[in-house]
C-alpha cells in the first residue's frame, strides 16, 4: 500500500509485518517481552479482568499466570511505590492505569522516588519501570477522564516519556521502554487503540531520542503529539486542497526529546504548528517552540510558530462544547494556512473532510 | 535609600512603609486579612508550633486561637481535600507546606478537584483556597527538599500561581491571593525569608496579570522567577562592569502570566535570558520563550533567547556539586554577555562579586 | 413488618421508586446515544441512599460518588436538571459541564460528586469543618464504595474527622465489587471495614440486608446526637448489590465474573416491592403514577432543552 | 536479668554503643559546618534498630527513615561510607548525592531511605514481592515513624502486604512526636496503631519499654515463620524517645513543647548502660575501645576523602 494509514510504518520506511491494531501491538510487545524476560510483570487495576484493560492485556493472564499479571487494590500511591521497589529489586514491572488523570495520585512516588532513586542512591540501584496510562477520549469523559498530563513528567529529570502515535511505534516503543533501565512514562490514547498499521512480527526497539519526519513538505511544519499526529495528517490532506504542503513530524519520545529534526524542518519551512494532546501552557509545544527559538534565534533566523492543544479550560461533557475543547484537523489546517498565507482571506475546510480523524467511528461510553 | 535592596518596592515606585523581612511581610498579610475576614483560616503541618513554620505564622495562634490556625496529621492528600471542601463551603483556607516537594502528595486534589470544581459544577461553587509552599534551599536539602515545581501548576487551567520575589510583593500578592475566589498556588523561597524591602503598613493587593520592569536597560532582558529575580539583579551589577545594561523583569504572577511586558522589552533588546527557579524543560521559561516566539515571529522579528534553571539532574547534597546545580549571578551574567557580545571572548565575572546573592549569609540546616 | 408511620412509608417508597424508574428510563434511552456520557447506575442499590437521606433534614448536606444518581434524587436534587445533565444540556444541574459523574445541586444541599474514587471523602470533611463552625448542628453524609475504602485518603479522612469531632456520616455502599474485581481479591480481610473504622474511635454500623428502614433508623438515631455534638463522625456500611454492569445500561452476567445466582437473593430482597407491599394499594397507585409523571417530565424537559452555547466552553474556568 | 548468650550480648551492646557514639560525634562535629546536610539523630532510640536488625540474617534487607543512621549501622552498613556521606564526600555511601536522609548500602542489604515521610513503606513491598518470588525465605524490615502511620500510603501498604502475604516486618518507631507535635494532637486514638493493623490480619506486637531483647525476641520468633511462609507480614510498634531536637545536633527542652521530666524515665531506662551492666567488665572495655576506634576511623576517613568531582553533578541521572 502506498499512502500510510496513520503516519506509522510506511513513513518510517518499514513496510514489513501485518496490519495490526494499536491495542494489539501494545499487547504483542508486552507478551513477547514477558516470554523473553521472566523479570517482566504487569500490575494495575483491572488488568486481569474479562475486559483486559480495553483489550490491551488480553490473554496475558492465561499465558503467564497470576504471579506475572495481577490486579491491585485501589491504592495508586502504594501500588506505584510497590512497582518502584520491585524494579529496584531487579524485576521489571509494567504498572498500568486506565486513565492518565489517576496518575495524580502517584506523583509523589514517581517524582520523589522513581525519578531520583538512581541518582540519590549514588547509582547503586536502578528503576526499570514502565508506567502505562491512557489519555481518555470518547463521549463525555469529562474533566477527570480526559487529561493529557505528560508535560508534567517531561519536566522531571530522571523520567523518560514516550507517546507513540501508531501501532507500529506502539510495539517498538513498548519494547524499548520495558528494556530501558529507567522509569518510562508510556502515554497511550484511547482513540488510537482501534487504529491500524503494519507491524513487524519480530521484536524491535524504537529507541529514545529520534523524531520522525512522517511526510515531507516545504511550506509549513506540523508537529503532533500522540493522536494529534493523526489529526495533523488529516490537516495535511486538507491543506493540500489549497496548495499548502505540510511536513509532518512525530516526536514519538517526549523525553528525551529530539528537536534537531524539527529545527531542520523549520529552517526550511520557517513555519511551525505544534499540536499538543494536552494544555499548551508549559506543555510539550512550549518546550519545542522554546528550543527552536533558542537555536534559530542564535542563527538570526526568524520563524513563525503557533501552539495548539486543549482549550485553556476544563474538559466539559456536553458534546457541543466538548467538540470545541480539542484541536481538530480543520483548526490545525487553518492555523497552518494563516502562517503560510498571511494575506489570504480566512479559509474554512470542507466540514465533511474535517471531522476528527477517529472520533467519527467511535461509540461510547468507554 | 536609592538603589533597591532586592528589586522590590523602590523599583515598583513604592517607597512607603517600613523595611520588613519577606517572612514578616507574609505573616503581616495573613494577620491583617484574618483580622478583616473571619472566614480566613490557616492549616498545615506545624503551623502552630514554636518555630511557626520558619517564622511565617508567628503569633497567629495567640491572636486567633486554635480554630483558625491549626496543625494537621501527616495526611497531605486528605488535608488538601479538606481545605478544598472548606473553601467550597464558604471559608477561605490557607493550606501551608514547608516544602514544595510535598505537594506531589496533593496533586490529585489540586489538579482533579480544586482546579476543576468551579467549572465542572457549572459555576455553582467556588474554591477560594491559598496553598502556600516553600522551595527549599540552604545546605544539603537534597533531592526531595529543593524542588521548584510551579510549572506543573501553571499547566493546569483553573489554578493560579504566584511567586513573589521580595517582601513588598509577598504582602501584596498574599492579600490578592487570599481575596481571590480561585485556588492560588503561592510559591515562596526559603532564601527569600530574611530578605528585606520597604512594605506599606496598610493592606494592598498586587493583583494577577502584570509583570514588573524592576530595572530598565537596553542591551538584554533578564527575567527571573522567585529568588532568581534576586540573582538576576546581582547579574545586572556584574554586567554593568562590562558595559552591558540589562533590563530586569519580574513576572510576579506565573498564572495568569503577563508576557506583554516581556515582549515589549525584547522588541527593544532582541535578547532574553529567562531564569527559572526549577527545571527548564516545560518550565516557566519555556512558556515565556514560546510566547515570545509566537508574537515576535509573527512580526518577523528575530531575537536571541537562553533559558537557565536547575541543571537537568537531581539536586545533590554535597556542597561542591550542589553549588553547580543552581543558576547564579555569574552564570546568568555570562549567558547574557554571550548574547550581547557574541564575538567577544568568554568572560568570567569577579568571583567575589559573583557569589549567590543570599547563599553566603545563610547557615543551615533548615 | 416494622410499624412505620404512613407518611414515612409513602416518602420512602416514592424515593425508592423514583430512583429505580429514573434509571430504568436512562437505561432505555441510552442506546439511542442521546446520553453521550458514561452512566454508572444504582439500580438495586437504592435503599442505601434513600435510607440515609430520608433521615436527614433538608438543610443537611449529602454527596454521592460517580454512581451518584441515587443520592442526588434521594436528597431532593432537581430531577429535570439531572436528566438534562445526562443529555448534556445547558439546563443540566452543572449546565452540561460535569455530566453524570459530577452531579451537584447546591440549592438542595447535594454537594458535588467526582469521577476519581475517594476524592469526595476529604471534601466532605471540609464542608463539615464549616458546618461545625456555623454551629447550627447541620451534618453531612458522604457516600463511598467498598473500593474507596482501599484508598489511603479514606484512612487519612477517618483520622481527621475523628480528631476534629466533625459531623460527618460516612456511608459505604458495599456492593462487593470494584468494577469486575470482587472485594476478596482486593482486601486482605474483606469483612473488617467496620472493625477498622472503630479503631479511630468512630461508631460504625453495618446493615447486611439492605433494609431501607434499618438504615434509616441508624441514621435517624445518630443524627440528633451529632447535632448536639455528643457524636462526632459515624460510619455506616451497607451491603448492597449492583444489578447492572459497572458502567452503562446493560446486564453483564454473561461476562463470567459473577453469576445470576449471586444476584438472585438481592432481587428476592428488593426493597421496592417490599415497601410497596407495606403500602395501601391506592397510595401505591398514586405514587407510581406520580413517579411516572415526574420521570416523563424530566425526559421531556431534557429533550427540549438547548445545548450549551459555544461560549460556555470558556465560562467558569475562573470565578 | 534475662539470660542471653554472651555473644549476642556483646553483639547487641557493640551495635547500640556504636550508634550512640557515632551520632554523639556527628553532634560534636556538626557546629563546625563540615556536615552541610540536615541530620536527624536517633540518640535514645537505638534499641529499636538494634533489636530488630540483630534478629535478621545478613542477607535479609532493612531500610530506615530519614532518621536512618541507626538502622544503617545496626544492619551492618559501612561506617566510613556513612560518615563520608554526611561530609558530602565522593566516598560516601551514596557518593555525596543523597546525604543523611537518603542512605543506602546495598552491599550490606541496607535499602534506601527517603526524606518524604512514608514513601519507603510501599517501596519495601516491592522488594518483598521480589523476595517472595526468589523463594529463598529472605525477609525485609521497613522502619517508619508514628507520624508515618497517619499517611494514607501506610494503610494502602498494610492491605497489599497482607493480601499478598509478603515477607515484610513493619517497624514503627513510636517516639510520640512528629517534629514538635505530639501524637495526641494528630491521632484521634493515639494508642490504637496495633489494633488497627490487626484488622488487616497482620500480627501486631507492641513493646512499650524499648527493651532491646524483647524487641529482638519478637522478631527472632517471627522471622522463621515468615521464611517458611507461615506468616506473611508482621507489625512491631516500639515505644521510644528522641533525646535531641527533631533535626540538628542540639537539645530542645527549652522550646516548650516537651519537658525534661518527660525525658527522664527514658534516660533511666537507657538500654546502653543497661546492657553494659550485663557484660563482663573486660568485654565492655574491649567493645568500648573498639567502638571508639571505628568511629574515629570513620571521621578520619571522611575528613581525608575528596569531594565529588564537578562531573558527578550529571552522572547517574539516567541508568
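Labels for the chains are A, B, C and D, by order of writing; each one numbers its residues from 1.
Basically, a contact is a pair of C-beta atoms (placed from the backbone, for glycine too) under 8 Å apart; a residue touches a chain by one contact, two chains touch by 3 or more.
Just so you know, these numbers come straight off a predicted model, no measurement behind them.
The chains other than chain B, kept where they are, remain one piece by touching.
Common neighbours of chain B and chain C under the contact definition above: A, D. Counted by residue number, the contact pairs of B-C are over half the same as those of A-D, the matching pair from A-C, B-D or A-D. With each centre defined as the average position of its C-alpha atoms, the distance from chain A to chain D rounds to 43 Å.
Distance between chain centres (mean CA atoms), chain A to chain C: 37 Å.
We define each chain's centre as the mean of its Cα atoms; on that basis chain A and chain B are separated by 32 Å. Multi-chain contact residues, meaning those touching two or more other chains, occur in chain C at positions 92, 96-98, 102, 114, 116, 150-153, 156, 159, 163, 186-187, 317.
In chain B, the positions touching at least two other chains are 72-73, 75, 77-78, 101-102, 104-105, 108, 112, 119-120, 142-144, 157-158, 312-314, 316.
Interchain contacts join each chain to each other chain, per the touch definition above. Across the interface of their complex, chain C is touched by residues 67, 72-73, 75, 77-91, 93, 108-109, 112-113, 117-128, 157-158, 160, 181-182 of chain B. For chain A in complex with chain B, the touching residues are 77, 101-102, 104-105, 107-108, 110-112, 115-116, 119-120, 142-144, 147, 149, 151-152, 154-158, 255, 257, 278-279, 281-287, 289-290, 292-294, 296-298, 300-307, 312-314, 316.
Within the complex formed with chain D, the residues of chain C that make contact are 150-156, 158-159, 162-163, 186-189, 192, 195-196, 199-202.
Contacts from chain D toward chain A in the complex involve residues 92-98, 102, 104, 106, 111-112, 114, 116, 119, 121-131, 133, 152-153, 156-157, 159-160, 163, 315-319. Listing the residues of chain A that touch chain C in their complex gives 45-46, 49-51, 71-78, 101-102, 105, 139-145, 311-314, 316-321, 324-325, 363-366.
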